[in-house]
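Every chain is named by a letter (A, B and C) in the order it is written, and numbering of its residues begins at 1.
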Amino acid sequence: MIDFITLCDYIGTFAFAISGIRLASAKQFDWFGAYVIGFVTAVGGGTIRDLMLNATPFWMLQTSYLWVTAFALLFVIVFRNYVIRMNNTIFIFDAIGLGLFVVVGVGKSLEFGFPMWVAICMGTITGSAGGMMRDVFINEEPLVFRKDIYALACVVGGIVYWFCLLADLSTTFTQLFAATSVILVRILAVKYHISLPVLKEDSE
Amino acid sequence: MIDFITLCDYIGTFAFAISGIRLASAKQFDWFGAYVIGFVTAVGGGTIRDLMLNATPFWMLQTSYLWVTAFALLFVIVFRNYVIRMNNTIFIFDAIGLGLFVVVGVGKSLEFGFPMWVAICMGTITGSAGGMMRDVFINEEPLVFRKDIYALACVVGGIVYWFCLLADLSTTFTQLFAATSVILVRILAVKYHISLPVLKEDSE
Amino acid sequence: MIDFITLCDYIGTFAFAISGIRLASAKQFDWFGAYVIGFVTAVGGGTIRDLMLNATPFWMLQTSYLWVTAFALLFVIVFRNYVIRMNNTIFIFDAIGLGLFVVVGVGKSLEFGFPMWVAICMGTITGSAGGMMRDVFINEEPLVFRKDIYALACVVGGIVYWFCLLADLSTTFTQLFAATSVILVRILAVKYHISLPVLKEDSE
């Protein structure tokens, strides 16, 4: 039986892949292209993190991420007329995945001996770089920096992780609180349309 | 004298570089920019592969790739009015390069001790990531996922490589069959306008 | 007290970050997004270099680059109505940074045992890849290859570095001459609107 963390990991991978597959389809990518974009969205952030930590990219160590992405593609193909009505469910999956990805990114960086501030950066990269790569490949401006607080939710999660460590909480509670904070920030930001202000320059 | 593999490698680099240089020129890049885009198109896939395998990027070990790209730039400058009529020849060169790049990518990954499925992924990345980077830099949506089967041809080549290994063929025949299958898939796809279906979502 | 090299490094990081922050703001990125783009512009080139050299990305070893970028963001926010009038000052800062980045990139590659031609490539990547990443993320065609000689100035700096080494100059003078040559090329190119020719293909 797979444990809870693994389950969340697959749920997150599934939701991230679906977001990539749907945006790629909207841009007339073929099935294989949609699959690749879905895969990049799901594993891109962790890959960048692993390259910076000088580790072998995590998805090269087990086939499951390729399979989950294949399942996501199948899901979009089969339920193409219903996917749009599942937006709320997919959003929750995406938030769960984001929370877990941040926690995994922070934890792995600490394991590799980096200080907390690097771990927070790596957590943020794990959570949001996949979405940035997706938007770059489908030739759109990155949504992660314009839509309801996304990348910043990763930073918040990293800081909660830090505080939990400072408070000497167990690893389990630290991970739980950090992931939950990411999920909460995302849900609140979307529900109440909270966005960061945009920087305007007097261009006159 | 250079051997057959090296010759195919240079032919492929040349063809890939030309595709980058031409698309960059169409976007009003200057000579140096066209050179860089040509170089990225030719060596980008192998570079991503080497970073993931934790190897030194292959082009940093010998100057030949810089020279072949310089030769491709010179070629486009000198024959600028004839290049368009050479499209068929360049296409064949490009297909030969793709076949070789896939074989090299698969082989190197196996040498580094990765399992076959990772090697197939790396062969596909070696063959198609350069083209994706080219399209990202010139700000176009990646062609490799929308034009006649391109990235998928790399996967096919990787699978043929696998079957040849399972059938205990010698390395030479394995490489030959795998490369030929990539080239054949590309030629057939272009000749008969075979494309993968596009995924459409009911956006209503 | 910080030394002269460190001061130039911070000045360059500051100027590069400002260019990223301003372009991101023009694209309606929120504050956090503008910060990230500023950071990527400033450290992106060195990060790519370090990944290729198989070194830990330099900004993961000290917090200063995050702080300088934060200061750049604050600067743009506070002086938003005046920044446009400071364009000349920012241009000089940017040129100083470019000169230093190239010198640092060349020096680090030589330290890692690579030959001079690789070091020149790495110096060029250090100086110009951050700007390319910035343009990719904000979904514009890379300016570094279309505006007054930018990436080529890095190559010139690398070649001057090489000649200085051949002439047995001390490290200090080598660095000084190489950085100065980059700065001079940039200032002359902008002042006299010198650009490389654009490659045109007869598309008829």
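Quick note on the criterion: a contact is a pair of C-beta atoms (placed from the backbone, for glycine too) under 8 Å apart; a residue touches a chain by one contact, two chains touch by 3 or more.
This is a predicted model, so every value here is computed, not measured.
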- Task: Specify, for the interface formed by the sequence copies chain A and chain B, whether it is same or different in terms of residue numbers shared by both sides, with half as the dividing line.
- Result: different
- Item | Cα superposition of chain B on its sequence copy chain C - rotation in ° rounded to nearest 5 | 120
- With chain centres defined as C-alpha means, what is the inter-centre distance between chain A and chain B in Å? 30
- Query: Residues of chain A that touch two or more other chains: which are they?
  - Reply: 51, 54, 136, 139
- Message: Residue numbers of chain A touching chain C in their complex, please.
- Response: 51-52, 54, 114, 117-118, 121, 132, 136, 139-142, 144-146, 149, 151-152, 155, 195-203
- Query: Of all residues in chain C, which touch chain A in the complex?
  - Reply: 21-22, 24-34, 36-37, 47, 51, 54, 56-57, 60, 63, 66, 76-77, 80-81, 83-84, 136-139
